[in-house]
Each structure stands twice: as C-alpha cells, then as structure tokens.
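Okay, handing you the structure first.
Naming follows writing order (A, B, C and D), and every chain is counted from residue 1.
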Amino acid sequence: MTAEQIIFLLVAFFTLGSGFMVVTTRNLIHAALWLIATLFGVAVIFALLDAGFLAVVQVVVYIGAIAILFIFAVMLTRKDMRDQGPQMNRNWWFGALISVLTFGGLYFLLQGWNGLSKTAADIPSGFDAVGELGNALVSPNAYVLPFEVASVLLVAALVGAVYVAFNWK
Amino acid sequence: MDFLQDPLKIAADWLLGIFTGWGMPEIAAQVLIGFLGVLILLSALMVLDIFLVWVERKVVSRFQDRIGPNRVGPFGLIQPLADIIKLLIKEDTTPEGADRVVYNIAPLLSMMSVLILWAIVPLAPTMLGVDLNVGALYLIAAGAIGTLSIIMAGWASNNKYALIGAFRQVAVMVSFEIPMLTVLLIPTIFAGSMGMSAITQNQDIWYVWITPLGALIFLIAAIAELGRAPFDMGEAESELVSGYNIEYSGMKFGMFYAGELLHAFTFGGFWAILFFGGYRFFGLEQVSAFLAVAVVVFKAMIGYWIIMWIKYTLLRIRIDHMLAFNWKFLTPLAFVLLMVTALLNALLADAASWFYISIMFLSNVLLGWISLEVARVYSRRQREKVEGPKVVEVAHH
Amino acid sequence: MSQWLYIGLFFVVGLIIPIGAIGVAWILGPKKPNPIKQTTYECGMETVGDSWVQFKAQYYIFALVFLIFDVETVFLFPWAVKLGQLGLFAVIEGIIFILILIVGLVYTWRKGMLEWA
Amino acid sequence: MVPLSWYLILAAALFSVGLFGALSRRNAVAILLGIELMLNAVNINLAAFWRYGNVTNMAGQVFAIIVFAVAAAEVAVGLALVISVYRQRNTVIADDIDMMKF
C-alpha cells in the first residue's frame, strides 16, 4: 500500500464519518459544522485528484459561503425549536433502506464495469489546468453557453430567493 | 555565491544527505525536511508576531502622543515577552453552557487561517513554500476558514455579546470579500496567472501604477477582512465589550489577538506582493535571497504601518453605513474597474508600454473621480429626502 | 500532488503551533474553577434570559447576496488567467457575464434589500 | 496509485449517506444539508473521471464548476423557501409543511 493510498483512505473515512454525523446529529448547528468537515474532506479529495482549482473553489464557495448561509439559516429558523424531539421522521427506516439499496446497486453496477481498475496517466508537464479551464469556458465551440447560462441561473436564484423570502413590502 | 542565491536548496540537500545517510528512505526524508522547513518558517513568524505586539503598541502610542512601553528592557522591547508569560500562566476559564468542543477549536482555526497564508508568500525568487497556481483563490479560501472560526467562537461562547459580535463581523467580512475577489482578478489578468510567484515576477512595473484604484480597493477590503478600525464593528468595545472573543481568556484569547496582528501584517505583505512588486526592488533580489526577504518584509511592514495608521486615525463606522458602503459603492466600483481594465488591456495589447501605463493610470484616476462624484450626487439626493431637523450621527469611540 | 503535500504540511504545522501554545498554557496555568468565574461575562451584570438573541434577518440577506456573487466571481478566475491570450471576444463574454451580475445587484438594491431595515 | 474504483465507491457511499439524510430528517434545513452531500458526491465522480480519463479534456472540471453554481442556486432558493415557510407557519418541520394539499 502506498503513502497516497493511506492518505486517501484516511481522508475518505474522515469524509464519510463526518457525512454520517451530518445526517444523524441532533443539534443542527453541529450538523452544519460536520457538513463543513465533510466539505473540507471532499476538497482534500480534489487535491489528491490534482484538481487544484476545484479544491480551492470547494473551500471558497462551500465553506466560505454555502456553509455560512446554512448556519445563518439555522439561526434564523431556530427561535422556538430547540432541536428537541425526534430529528428523524417516522419513516426513517425506509430512507435507510433506500440509501443502503442505492449504495448496493451502485456497487453492483461498478463491479460489472471493466474500466474500474484503471490508473491515471501522469499529468503532462507544463499542463496548466486552470488556463485550460479558462479556454474551455470562453471558447465558442466549448462551454461558453453554460458559462453565461450559469450567470443567468445565479441571478435568477438571487432574484427568486430575495422575492420568496423577504417580500415584506 | 550559490548559498546567497538559493540557501533553501543547499540546506535541503545537505539535510537530505544526512537523513539518507541514516538509512531513511528518500521520500520520508523529503517530507521530514519539508516539515522542518515549514516549522521553522511558521515559528519565525510567531516570533515576529511577538515583536509585532511591541510595534503596534509603540506606534499607537506615538499616534496618540504617548511613549508606550518603555520600562521592560531597552525601549520596552521585552514587554511582549512579559505579556506572553502572563498569558501562559493565566487561568483558562470556560463559561458554563459553552459548547466545549467548538469553543476550543475556534482559536486554533483562527490562528491556522493566518499561518497557512504563508504557504504561498514568495519571500525570494528561490524561497517560497508552494508556487500554487491558484494562489489568489487560496488567499480567499484561508479567509473563509477565518470567518468560520469567528462564527464558531461567537456561537459556542453562549454569550449574547459574542453572538452579536460574531454576526456583525461575519456579515462585514463576507461582504467585503466580493470587492476583494474582484480586484484580485486584476493582477491575475496582468500576470496571466493566479500564482503569487508569477504575479511578482511579472511586475517589471509595479501594478500599483497600472491599477492604483485596484490597490486602494484591495486595501479597504483587507482592512474590513481583518475587522480592524474603521471596520471593527464586530468588537465595538463600547457596546459589545470585545465581540466574538469576549469569553476567551489566557492563551486562547492570545491566539485570537496574535492571529489578528499577524493577519494584518500578512495582508500588508499581500498588498506589497500584489501591487508593489513583492521582493523586487531594483534588481536587489538578484544579489541574494536574503536581501529579497528583507525587501519583502520591509514592504509588508510598510503595508502594516499604513493599516495601523488608518486604524488609529479614523472613527468606527456604523454597521449599516459599512455594509451600504460595500454593496452600493465598493462592489459596483470594483466590477466597473474590472471591466474597464479587461477591455483596455485587450485594446492596448500591442501599444507601447509607456502609452499603456499612462492610459491605465489615467483611466483609474478618472474612474475614481467619476465614482466619487456619483456618490456625492447620490448622497446629496438621499440627504434631501430626509426632511426635518438635520440628523447628526454620533460615532462611538 | 507534491504541492498539495506541502500545503497539507502547512495546515498540520499551523494547527500544531496554536495547540502547543494553548497546551503549554494549560499545563502552566492554575485550574481553580468556581461557579462565579464561569458565569457568562456581561460586565458584571447578571445575564437575563437566554443567550439566544433574535437573529436579524438582514444578516441573512447579506450572506445570500454574498453567496451568489462569490460563486460568480470565482467563475471569472479561469477567464482572467487566459485573458491575455484570448483576445477581444473573450473580454466581451466576460463583460456580459459581469453585466448580468450587476443586474442582480441592481434588482436587490431596488427592492430595498440592501437597506438596514 | 489509488485506483479509480476507490473514488467511485467513496462517491457512491457519500451519495447514499446524503440520500439517507434527505429522506429521513424532519427539519427542512437538514434535508438541504443531505442534498449538499449528494451534490458533493457527484462532484467527486466528475473530478475523478476527469483525472482518470483524458486530462486535456476539461469537461469534467467544467461540469463540476457548473455543479457548484447549481448547488449555490439550490441553497439560495431552498433556504429562502424554508425561511418563507417559517415566517408564515412558524415551523421548519417538513412533515408539517402541507400548504399544497387541499
């Protein structure tokens, strides 16, 4: 077993463990903090995959913005709900069953696929992933449309969220 | 002269020889050397941090026409050591009802978020931790961890002041992150890379000459990110006592305090790297790596001094004004600046360099002037809307 | 990969240093807790009620606006890296992108969401 | 070298954990937390396929970035809905939110 594999396993167990805490912790703020731990684990996974840009964006966007928004939302909706009472709904066993089945099904599918033991080729030296990403995002015969549409999507989300949540006037 | 040029590599090779001589596998030796290097760098920073306490106290007392610490040691230089001994032997209390785990993790994250920034600081052409090609975003990512530590501290302390302070601080920090991100794009455009090393190498002409407005916006956003006056609403001591760190005592408080000082110094350094050429100073960096380090530390010190100067000169701004200033003035201005810079940069790609620089400089000055005029007209109209007696707002000291 | 190993080392050492400092303080410092010492600090006043203050919705709005702008600005970084080699067309694309963003900001402003209600 | 299967199994497991959270939690905010986990699992897959496929083809990373944008939009609107419901009904329990029923 190589050092990289050991690092991967440690990070994977950390990520999964904190992911499990996210869905089982009673205290919602703790759940949000565990979510941050999970997201950080995923960022390390991105770094292991040589996707440096994704790793940093994961921290900036998820930990810096989405998690903060979650914590604020929990605080905003918590006035009379002190995280008491059951945190799981009546059919939680059903959800557990479905998720176990999903994992089993995915695992089964992966077993039958022959590309699984593939190992990664080395990144060509001088390959600038961020620059390539920039090329791909603005090149008309690549992803310029998704790039602009993402901007529209986000503005639509902003307008919608502001309208839905805070339409006092 | 080799040692003067690249001391790190020579030291590392020397250590590698020793370690492998002991029968250590080469990979492990490399990791150990890296670990030692990081440990030495960060320990040196902590020592510098102790010195910064003295600098800060001395400078503020000169601003306020006092002498400052002068009893312990020459010029009071030993004073911060005495402070540290005090912090070390103080009792560390935890308030009842605190969320112990989160409460104890918060100061660690606060300090860590500052220390990890030094991974990407180019100290000399041959001396830098990691030449990360996503450096500019890494800067923001470390800031995100700092934001997180503040909200954790405020929430876990089980104290109203701490919670209010944390909310305010986080609202300000995240808001000013947008103009900061936007102006970070400008050196990225010029250098064609997000790496701090590439940005430094590309500054044959300091970027402050081609984007003075960007440098100014970065400084303002950095001060807000630091939570320093005039943007220190989060710890407004006249109403919130101390803000998010109110319940912390002893060394845990020391971590927040030292983190804040080192953070200010670090942002002074990043200001120098992004806009003032980093370690470059008339070819001095070519002579020796040690001179380059001296240059970058000197520039960072000047940046730190400017941040202090602003802190001890201006009054605290009310939180609604602060956020309005960001969202209604600084953010649109940063976006317009980014668009103008990108456009001019493309249009003048083939122009002579003196022409390019002067057009860039003039466009920045013009944009700054126009935005100030627009803000003046807008605020005059807003003021006319408010009828009745003139409202005088009193800022707290 | 090895780059990220060094970043990881910075994270580890960045944690070890404050843990060490706090640990030394924990060993050296006295430990004599009593109930008065551990009460919530409010400048000597006794705490009234719960520390759970009503959260002002305004903070949430700023966080929301921040989230959208954060993601959009991050999108622009790959664009900025390649801008020098891409020519005018790419610049126009980026400017359209930013203009769409500004529309969102103007909407929020017009709705009065940026006021401290 | 880590084989591709490890990443895919990790992603599948994370997806299942998120699915469990989304299906079983009562609190609407917690349901959104579960959905975030699922989106992250997808991103691991995208990044892994980028790395183990043809590296010069940036499709994997581009899609991962689009997923970031979608996640941000989802959180913004989702939490806005939760807050809106909370303002009207004073609850964030998903079972009690039944305004769409006649």
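One rule holds in what follows: contacts are C-beta pairs under 8 Å (C-beta built on N, C-alpha and C of every residue); 3 or more make two chains touch, one makes a residue touch a chain.
Quantities reported herein were computed from a predicted structural model and do not represent experimental measurements.
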item: B-C or C-D, whichever has more C-beta pairs in contact; value: B-C
item: Averaged-CA centre spacing for the pair subunit C and subunit B, given as whole angstrom; value: 14
item: Length of the line joining the C-alpha centres of subunit C and subunit D, rounded to whole Å; value: 21
item: Approximate Å spacing (C-alpha centroids) for the pair subunit A, subunit B; value: 28
item: Whole-Å gap separating subunit B and subunit D, where each centre is the average of the chain's CA atoms; value: 33
item: Where subunit C touches two or more other chains at once, by residue number; value: 3, 7, 55, 57, 59-60, 63-68, 70-71, 74-75, 77, 80-83, 94, 101
item: Residue list for subunit B, restricted to those that touch at least two other chains; value: 132, 134, 137, 170, 174, 177, 194
item: Multi-partner residues of subunit A (at least 2 other chains); value: 4, 48, 50, 52-53, 57, 60-61, 64-66, 68-69, 73, 76, 129-130, 133, 135, 137, 150, 154, 157-158, 161-162, 165-166
item: Full enumeration of touching chain pairs; value: A-B, A-C, A-D, B-C, C-D
item: Subunit A residues touching subunit C - in the complex, by the definition given at the top; value: 4, 44, 47-48, 50, 52-53, 55, 57, 60-61, 64-66, 68-69, 72-73, 75-76, 78-79, 130-131, 133-135, 137-138, 140, 144, 147-148, 150-152, 154-155, 157-159, 161-163, 165-166, 169
item: Residues of subunit C defined as touching subunit A within the complex; value: 1, 3-4, 7-8, 52, 54-55, 57, 59-61, 63-68, 70-72, 74-75, 77-83, 86, 89-90, 93-94, 96-97, 100-101, 103-104, 107-108, 111-113
item: Subunit C partner contacts - residues on subunit B that touch it in the complex; value: 31, 34-35, 38-39, 42-43, 46, 87-97, 107-108, 111-112, 115-116, 118-119, 129-132, 134, 136-137, 158-161, 163-164, 167, 170-171, 174-175, 177-178, 181-182, 185, 188-189, 192-194, 241, 246-247, 250-252, 254-255, 319-320, 323-324, 327-328, 331-332, 335, 338-339, 342-343, 345-347, 349
item: Of subunit D, residues touching subunit A in the complex; value: 1-10, 12-27, 29-30, 32-34, 36-37, 40, 43-44, 47-48, 50-52, 55-56, 58-59, 61-62, 64-66, 68-77, 79-84, 86-87, 90-92, 94-95
item: Interface residues, subunit C side, partner subunit D - complex; value: 57, 60, 64, 67-68, 70-71, 74-75
